[in-house]
Amino acid sequence: MIIDPLDRPLPGASLHPTLTGDAYTDPEVFRAEQASIFETMWNCVLRADALPSPGHWRTVQVGREEIIVVRSRSAGIRAYYNVCAHRGMRVCTGYEGVSRKLQCGYHAWTYTLEGDLAAAPNLTSMPDVDREDYGLRPVHVREWLGYVWVSLADEPPNFDQEVLGEVRTRFGEVESIDNYGIDRLRVAESKTYDVGANWKLIIENFMECYHCATIHPELTEVIPEFADGLASQRAGGAVHGSGFGQDVAGFTVDGSESGLSELPSIAPDQERRYYAITVKPQVFINTVPDHVIVHRMTPISPERTVVECDWLFAAEVVDRVESGELDVARSVELFHRVNLQDFEACELTQPSMSSKAYKGGGALVPSEHHIGEFHEWWRRTLR
Amino acid sequence: MIIDPLDRPLPGASLHPTLTGDAYTDPEVFRAEQASIFETMWNCVLRADALPSPGHWRTVQVGREEIIVVRSRSAGIRAYYNVCAHRGMRVCTGYEGVSRKLQCGYHAWTYTLEGDLAAAPNLTSMPDVDREDYGLRPVHVREWLGYVWVSLADEPPNFDQEVLGEVRTRFGEVESIDNYGIDRLRVAESKTYDVGANWKLIIENFMECYHCATIHPELTEVIPEFADGLASQRAGGAVHGSGFGQDVAGFTVDGSESGLSELPSIAPDQERRYYAITVKPQVFINTVPDHVIVHRMTPISPERTVVECDWLFAAEVVDRVESGELDVARSVELFHRVNLQDFEACELTQPSMSSKAYKGGGALVPSEHHIGEFHEWWRRTLR
Amino acid sequence: MIIDPLDRPLPGASLHPTLTGDAYTDPEVFRAEQASIFETMWNCVLRADALPSPGHWRTVQVGREEIIVVRSRSAGIRAYYNVCAHRGMRVCTGYEGVSRKLQCGYHAWTYTLEGDLAAAPNLTSMPDVDREDYGLRPVHVREWLGYVWVSLADEPPNFDQEVLGEVRTRFGEVESIDNYGIDRLRVAESKTYDVGANWKLIIENFMECYHCATIHPELTEVIPEFADGLASQRAGGAVHGSGFGQDVAGFTVDGSESGLSELPSIAPDQERRYYAITVKPQVFINTVPDHVIVHRMTPISPERTVVECDWLFAAEVVDRVESGELDVARSVELFHRVNLQDFEACELTQPSMSSKAYKGGGALVPSEHHIGEFHEWWRRTLR
């Protein structure tokens, strides 16, 4: 639902071709995407506060790899391939845990939270084994917006350019997203969607609002300008969000008041407005005055993608939700419905991708020009 | 169960080789069959009276494609790829429906029943878009025997030669099948069988009666000449059906009277006789004096085929069945048992197709010569 | 759990590389293993006493083939591909049965228990058909240790060299295994494990005891020397078994007395000792003084292997178990737990085999040198 002044049809604009159908179905293309995109670029994998103290770990999927993310004793959050250096068994089994060391359950090879081999049965009788050669294999880690981001590349892409750059393109300045204080917010609700569609269909769906009138009745009620599939933008090039309807009291499933204060430091032009950005390749960030919604995608196969969605509120709001004083269900329900509506459309599009009738691809209308730019980026990146 | 004088063993005839096992298991062979056979030839997909008035549609699978079959306002029955010209979503979702236009549920692109782009949001502000370029992609349609037949080829095969030609080979003249008035009959019962076997095993099974004595006790009770696996044909080259047993009163599971009149215009030599024809690549037609049984196959994978079987009776019979006055269960049960018996044999044959012991194929006895001819046709067609 | 003096770390020994990860995941490697190993070498498939008299048959999986094993009238146990020479249907359907002839259920082609074509409908009218050309295709059969072993090779490997040779390597002399009289024992219990791991991970696991301290608490209680992952061998090169703990009364889940006599002809150095041997490619034999445990593996896919495990006791013991006088549950439970513990470790290792972090393989410590030798054998055999 990215909308900007370019959405307005240009005089003489004609329809633009999409990618061809095989980009969404070919196992070779998918393998290349896993290698060149998901196992190379920065992936947002986890809320940092899910690892509150040293020894807390979680396992996450990045590309085709399982990665351990752990809070270390001395070096903040670290991440490793979940593969024992000895015979390869999963060192951490299950979804999460807490432990002083990371010990493989097969032969008891034991690693420090910093990833070094600390002990192994009979290791002292193998005098020429260099413990540094047998540590866990690390991956690059960054924290931003309260999330842990990892890159599996030997030389990771420049975080400022590749991640913050996407935000700058959308918000003008990175600072304007800082107003929401996303790193200090807390997750009140998370939902996981197992979507029967290629990850690119999900990104493309997120990048246009031409479909809003057809499939998102609740959302277009709250943000009426979405109903025409174009942004009713103010004059000039300045990018800005989409305004709430006049009678709308809050970003809730029925437009009623949310009962929540606005996040404290948002700017005047962020009030009563919805902003959405895509951080390629797998993150969507949606901001409204009193909460933030973050989607993370994990591609599983050419035809299947898992999407995890977090609803983030001010810490004091989450406290009151947890104590039963406050209810954010109407706020959460709005985007949950949008998610279900979008993913159903993606699932009904996926099977056509292998049709002879889509061999040459489909067409983009002018207001879908962001998708065309995404396709350009994709071609460039895979080449 | 096609039987003709050639079934009689010729003096000195020796066993004839079959196709080799990989023809029934190799995914590349299956892809070639989908492209060159099922997505090229005429497929029988649907009873025409399932679409009683303009706007009634059904979705059907042809080869690897999903096709919309719809009764148009002005042009009879039409068929299209179920792929929106815009971003590809399935235009019709589900199995069947009725609507004045065909509207895609994603961005509301709307097509007439004749397949032209009628409307799309903001289309009027895209002045240079030629609506003719963005219609639904059509496929060729014919009606015969009350069924809709479609071909996905750009240049479809000659219907008279390829479809009627098969009938002519079997019945001598196409007219003799006309006696049954199949286009005026109605479906009293349909059953769908999900068979774990390659489609060619199912055709080959249908093409010989050498197995009848072993697996079809009810059928050989009704048609005793099937018991010897050969046709007790009259002298001369004239092809004719297989006669009912002397004490058999009707083509029912126990040979009892069916309680139905004969179809009005059948010829004397079609009385008390069963005829069967294969219309390659996916239709079997079985006629008896008071009803007709039609099988349609849809190959799903090298090891899986869906078979739909219709039991067709005179319209007045179906009326009386629907009002509860009449029961055709014993008629239906006979061929339903034959189907189950045949498909079990096919499913027990499929796993051997990948055995080293079947690498060079098996053997055909003289009465299976139709299978040899089918193999010749298959080789010719795939080349 | 093969342990010998070489397990002791050599001075200056360094870690040895394993096979690379793709050896455990690549479908092409798996196909080559099926062809060159499982469909060529001798496979242990069945207890011979499961076929008590002529006409008793069982179907078993060998490599990618289904094989009939049948007790013939005149020639002992015979084995054939389960593929009819006519059109290929499975001749024997189901798991086991008894019949005077082997008759295909499709067209009633009928074979003697010795595999010759005995009869087929209309065969007498096909005078030039040579019945010898249309028998069931045989595979080579041997009996040893009371088990039926088959080889699908045209020229099977030398049984003495390839099968007995493995035993000789471990036990010094084949005779020492004869002391257990395994061919006269009977199966009291069988369990089948469907393991989500490559067959080589299961063999490698069986070949070392470095993991025993970590995952086998019950076993190391009974055989304390397993706890250090090395054999506390007597001096000299003589290979021998692993001794029970001082306070251990029997090879049972809690070390209590089994209530069974020792097998009558075991040698003094086989008392209170556990021996284990691998008969490549798919058999493990474990002997203790009062029973024998035999594992047979059947690889299903690169990531899946079925393991069948028999617990064999003296015939009179099994009689008393069947009459309810005696209970061998504590004896069976010990190795059942070991199996579950081992297979869980294998299943937690399998997913890492496709990780970039295991692309170059892992490391073997000195006490895992048998695995290195297995890898050498594997490379040699596949080449």
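Note that the chains take the letters A, B and C in the order they are written out, and that residue 1 is the start of every chain.
In the analysis below, contacts are C-beta pairs under 8 Å (C-beta built on N, C-alpha and C of every residue); 3 or more make two chains touch, one makes a residue touch a chain.
For clarity, every value in this text was computed on a predicted model and none was experimentally measured.
S.K.: For chain A versus chain B, which are copies of one sequence, does the interface use mostly the same residue numbers on each side, meaning over half shared, or is it different?
M.R.: Different: when the shared numbers are divided by all numbers used, the fraction is under half.
S.K.: For the Cα fit of chain B against chain C, please give the angle of the superposing rotation, nearest 5 degrees.
M.R.: In short, 120 degrees.
S.K.: Using Cα averages as centroids, what's the distance between chain A and chain B in whole Å?
M.R.: 49
S.K.: Going by the touch rule set out above, which residues of chain C reach two or more other chains?
M.R.: none
S.K.: Tell me, which parts of chain B touch chain A in their complex?
M.R.: It is residues 39, 64-66, 81-90, 93, 105-108, 120-122, 125-129, 134, 137, 152 of chain B that touch chain A.
S.K.: Looking at the complex, which residues from chain B come into contact with chain C?
M.R.: 9, 11-15, 18, 21, 204, 210-211, 213-215, 228-230, 345, 348-349, 351-358, 362-367
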